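Just below sit the structures, each encoded as structure tokens.
Here come two complexes built around subunit A, the first alongside subunit B, the second alongside subunit C.
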Partner chain A sequence: MMQFRLEKRREPSKAMLYGTPIVAVLLTMIVGAILFSLIGFDGVGAVREIFITPFTNTYKWQDLGVKAAPLIIIGVGLSIAYRANVWNIGAEGQYVVGGLAATGVALATYQMTGWWILPLMILAGMAGGALYGAIPALLRTRLGVNEILTSLMLTYVSVQAIYYLVRAPWKDPMGMGFPQTRRFAADALLPNILPGTIVHAGVPIAIIVALVAWFVMSRSVFGYQMRVVGAAPHAARYGGFSENRTIWLAFLVSGALAGLAGALEVSGPFQRMVPGFPTNYGFTAIIVAFLGRLDPLGVIFGGLVIAVTFVGGEIAQTSIGLSNSATGVFQAMMLFFLLAGDLLVRYRIRRVTPQAEARA
Partner chain B sequence: MSTDLLIAIIVTVVGASTPILIAALGELVVEKSGVLNLGVEGMMLIGAITAFLVTFFTGNHYLAILVAAAAGVASSLIFGFLTLSLSANQTATGLALTIFGTGFSALAGQGYSARPVTLLGPLFPAELASHPIWRVLFGYSALVYFAFALVIGVWWFLKRSRAGLILRAVGENDLSAHSIGYSVIGVRYMAVMFGGAMAGIAGACFPLLLTPQWAERMTGGRGWIAVALVVFASWKPFRLLAGAYLFGLVMTMELYAKASGGPLSAIPAELWAAMPYLATVVVLVLISIRRDASTNAPACLGKPFLPAN
Partner chain C sequence: MTLSRRSMLKAGVAAAALPLLGSRAFAQTEPLKVGFMLIGTVNDNGWNFGHATGAKYMKDQLGDLVAEPTIVENVPEGPDCERVLRELAQSGHKLIFATSFGYGDYVIKVAQQFPDVRFEHATGYQRSDNVGTYNARFYEGRAVCGTIAGHLSQTGKAGYIGSFPIPEVVMGVNAFVLAARKINPEFTITPVYISTWNDPAKEADAARAMIDQGIDIIAQHTDGPAALQVAEERGIVGGFGQGADMSAFAPNAQLTSIIDNWGPHYASAAQAVIDGTWVSQDVWPGIKEGEVEIGAYGPKVTEEVKAAAEAVKNGQADGSLHIFTGPINDHTGTERVAAGVTLTDAELLSMDWYVEGVIPPA
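This part shows the complex of A and B:
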């Protein structure tokens, strides 16, 4: 009889580390096609529309960039936090507060003009996101409160804040009763960078954020600290890296980046604050961070893959009538396969015969 | 306050508390075995859509609850396989399960969102609950009594039974339990499956006990509140009962405030809607100020079992 045994690798396998995300995507396509067919959908069609059409249809490339930008920006922040073993899962809330802060600036400067309005909105968004992220950081470092639960609960609170603000104090006076703010003035809108498309300045910003984060994480003391505290907390303490400082940094950076994404989205695609502003980018960016192996450059890959599924999900909705929620199922499957594949990074599978086992 | 209003409030509080209590009791057992499953919200959504669909097509509420429990178990096995057999990161896998449950339930419920079903009726004959006072005791559906029985059952299991002792040993010191011959992985699988079944039943409470229909994300973060409550209750079933009812009260305070017409009714609806989540944060803060809270956590909570082989 043949048996398999897991053997711990001396060092995590680099090939597996970077190979498993690709394998996870491929497995999701194969298993997804089979599963969706089994439960009565057009499985092959769904996989084709969700994973292939966004590439073959060049008209959809601009959508890919626009969807990937916020995912990459938030995903980069989360990858830094998760590296340090700080579980900020409230990025959606920090994204919302960032969007609200930018909206506040846009509405306050509504009668004004000037180049400084948009940068100020972006700064306000980053500050808002960082401040909202500071609450779980404060509670965790001061009182030891679990940051997973607090950051998540605050997300629900932030969504109610939007509902309140657009219903009452920030409501568009000319909006015929719709719960939304007025459309931002011209100087508060994010410029397009490719005429005739929907590609806005947020797309290059996302790439710059990822490159800067990659440089900082791999070349600076800050990056070293985040990685060491996450990988070997005891050694880090011995080496003089404070755990509390790491938690603070992780939340401030990931909160500020989520807030940046919120400011860019509200000034770009949305152009005003609406109740539908929370689009789950903050939650989906968790998958992006993991698909990117918690590495800022990998997050660009992860963001693009997830953007493909979003754009493809919309295509599948119109072309074969598949519900939008199928996208979430595919995204979760990708994460499941990726997490399963993690085993192969740390272990190798050895085939052993019972005799060899007995001798050993 | 009139008696009728008081009774109405009690009945609403009981309804709101029941799913949180059932889900939290399941998660308590899971955590006592040393496993942290953050997928409760996702498993609840899968339970909710399953219960809705079975009720919609068969009209049989009890069958719906059973199938919802089975669906909860099935989804918990994804988590169990990844974290126990493949020792994947529990936090990430739990989050993935919640994302999966949210998407899967929305997909399965596509096209059913405006279709009504009937609520599960009261367990006892109507004559027994005819008087308002008796209604408070005998006017509920079986799910409510199940939740109460579950509190006692879980308490008895953990404190008094041999199997419960083994489960706690596995959660406190997995290596020792392993060395004296208990199957750590086996015990944790059983606990995770129990947690899945309870999350499935808790999800079934939404279409069968609260609002007789399906709506995307209809559990609205209650699964996360259940996870928070386990910490709040410092892993003790009777404290969980108190905590769940406290939350049920917070969630229904809006009704009371509106009915009273006093200064509370000036509070915007959005703040009331945010209240359970704010209350969770406040409660977590209060509990961490008290000293025994974290010391009562199972020692192996969230850590993968890696015997030296």
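This part shows the complex of A and C:
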């Protein structure tokens, strides 16, 4: 009987490392087309509608930008944290708290006007997200509690906070009893940057965030610290970089960025806080961060690819009647190919002679 | 492409203005494309299934006048639905049904950008020139269910799984317990709100928790059969199908079901768009018009109870019975509706208080 063993490559090829996401997307398209043809759909049509149509229709560019923006902003924050081996799984919760903090400002200033309201909401959102991210950081650094669990579970707490706030203290007096806040006043709404489109200011902000993060990560001491602590914890300790400090920084930065995305979403597309505000952007951004190789510029690519599957999935539903679940299949396939590709880039498969069996 | 469609529509409107030519000439050149936006999947066997069945009925009735209906599933109540609405409007759908309450803001917003597309929003309250609303008097069906519950319940306690405490849901809870208390004056109902229209796990959890607290009847205003399945499993008296017949999931526990029959409305709305006679309006038909139907009765419903249920159904159909006729007290015992007075539709559609017998959620 043949046996195989995974053997770590000494130096994974740079080109392959950055090539796998592209290969994963291509493989998803090919296998997807075959798979859906086999079960009796127009497989090629499905792939065309999901992956190509969003690019050929100018209206869809707007949708892509709007859908990708929060994914990119959160994904950039997560890529920084994950680089430092800090596993913030609760970006969804920090996104929600950021949205709630911005909503709090919008409602408190409801009767007021002024250019300062929106910037204040955005700052409040970032502060809210950072503070919410500080809880798992505190628990990890002081008590050694695993941050994956705490950050994840705090997400569910934040969702309950929305339900409570929109049902009682923040309920829209004109909302027919529906649990939602009132629609924000004009000065609390995120402006559209292109008249006649739906592209709001969050889209350029997402690009700027990614560029700034790329610059900081590759050119500053902070970025160096995050990378070193993640890649070589022992060396980092000798170098005088504190592990606790890194955990704090990772959570504050990724929390603040998730909070920023929350503030932008609630003031832009949502325009009010509703129970449906948590739309899993925080979780989807985890895929985005890995698809982007934990590199802020790569995250832009990752965010766009995932946005394409969402937008294209809807097109496929309206144009060729492909079920919504197909979108999920395509996303899952992409992640599968990406992870499998990663494994093969970092490890090689070796055939081994099974010694145990030989002896028996 | 868009241009030709627009001129086509103009031609269609012009044709509709000429009584002899009629609209068929237009319709034959290009069948009307009708879009449906659903919050869940068509195979939820409940609310969304009901709308998909209605879409199919429309197609069967109108034949070649309409294209195969386009159904978009699993659209969340948020900015995502705005994109889907625009997608439908841009791809030539001239009549779009948005079938969940939370789509309201976005329907109004997108409708402004597409003045030549007609939108209809189910269970909503915001209208504009090209946005109409439609709903069904589900509370009439709840009154029938409440009557059965009042007769069959041994503990006199029912649970009610709701999504959000909006008037639509509150009205259903109230109608149910008002009817049950006509049979058993001690009857109480406990609503639980799970903040979603469709989450089988949450629905089942809520059902289990309430059964543990001693209820033996369960009703729900959420989309699927999960609560009924729990009722079947636990062997309590039973529950009611919501939106469609769910007896396949709970052959013993389903006492009856409220079936949403949207088909006739969808067919007439599509016909009106084809004829060029569509106007924005608010329609709210019920048992009388056949939009709300009571399904087959389950094996536990005796002849006597069946007769009582039929009496409530027929009374509402011929107008002799309105469940919201006073005297009605609120849950604190204060009189809210005087004897002989019936709540108006406007009062029902803004109902934010519970009647006596409801144990309000904390």
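Just so we're on the same page, the second predicted complex is superposed on the first by the 325 of 360 C-alpha atoms of A that agree within 3 Å, B and C clash if a C-alpha of one lies under 4 Å from a C-alpha of the other, contacts with A are read in each partner's own complex, and residues count from 1 in each chain.
Everything that follows uses one rule, which is that contacts are C-beta pairs under 8 Å (C-beta built on N, C-alpha and C of every residue); 3 or more make two chains touch, one makes a residue touch a chain.
Given the structure is predicted, the values throughout are model-derived calculations rather than measurements.
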item	value
Partner chain(s) touched by A:339 [first = subunit B, second = subunit C, both, neither]	first
First, second, both or neither for A:163, with subunit B first and subunit C second	both
First, second, both or neither for A:183, with subunit B first and subunit C second	second
First (subunit B), second (subunit C), both or neither touched by A:231	neither
First, second, both or neither for A:59, with subunit B first and subunit C second	second
Contacts of A:287 with subunit B and subunit C, given as first, second, both or neither	first
First, second, both or neither for A:323, with subunit B first and subunit C second	both
Touching partner for A:154 - first (subunit B), second (subunit C), both, neither	first
Which superposed partner A:276 touches (first subunit B, second subunit C, both, neither)	second
Of subunit C and subunit B, partner touching more subunit A residues	B
On subunit A, positions contacted by subunit B and by subunit C	163, 167, 323-324
Interfacial residue positions of subunit B with respect to subunit A in the complex	38, 78, 82, 86-89, 91-93, 95-97, 99-100, 102-104, 106-107, 110, 216, 221, 224, 227-228, 231, 268, 270-271, 273-274, 277-278, 280-281, 284-285, 288-289, 294
For the subunit A and subunit C complex, residues of the former touching the latter	59, 63, 66-67, 163, 167, 176-179, 183, 198, 265, 269-272, 274-277, 279, 310-311, 314-315, 317-319, 321, 323-324
Subunit A residues within the subunit B interface of the complex	87, 89, 139, 143-146, 148-150, 152-154, 156-157, 160-161, 163-164, 167-168, 283-284, 286-287, 290, 323-333, 335-336, 339-340, 342-343
Interfacial residue positions of subunit C with respect to subunit A in the complex	35, 41, 68, 70-74, 76-80, 82-84, 86-88, 90-91, 93, 101-102, 105, 125, 164-167, 170, 195-196, 349-352
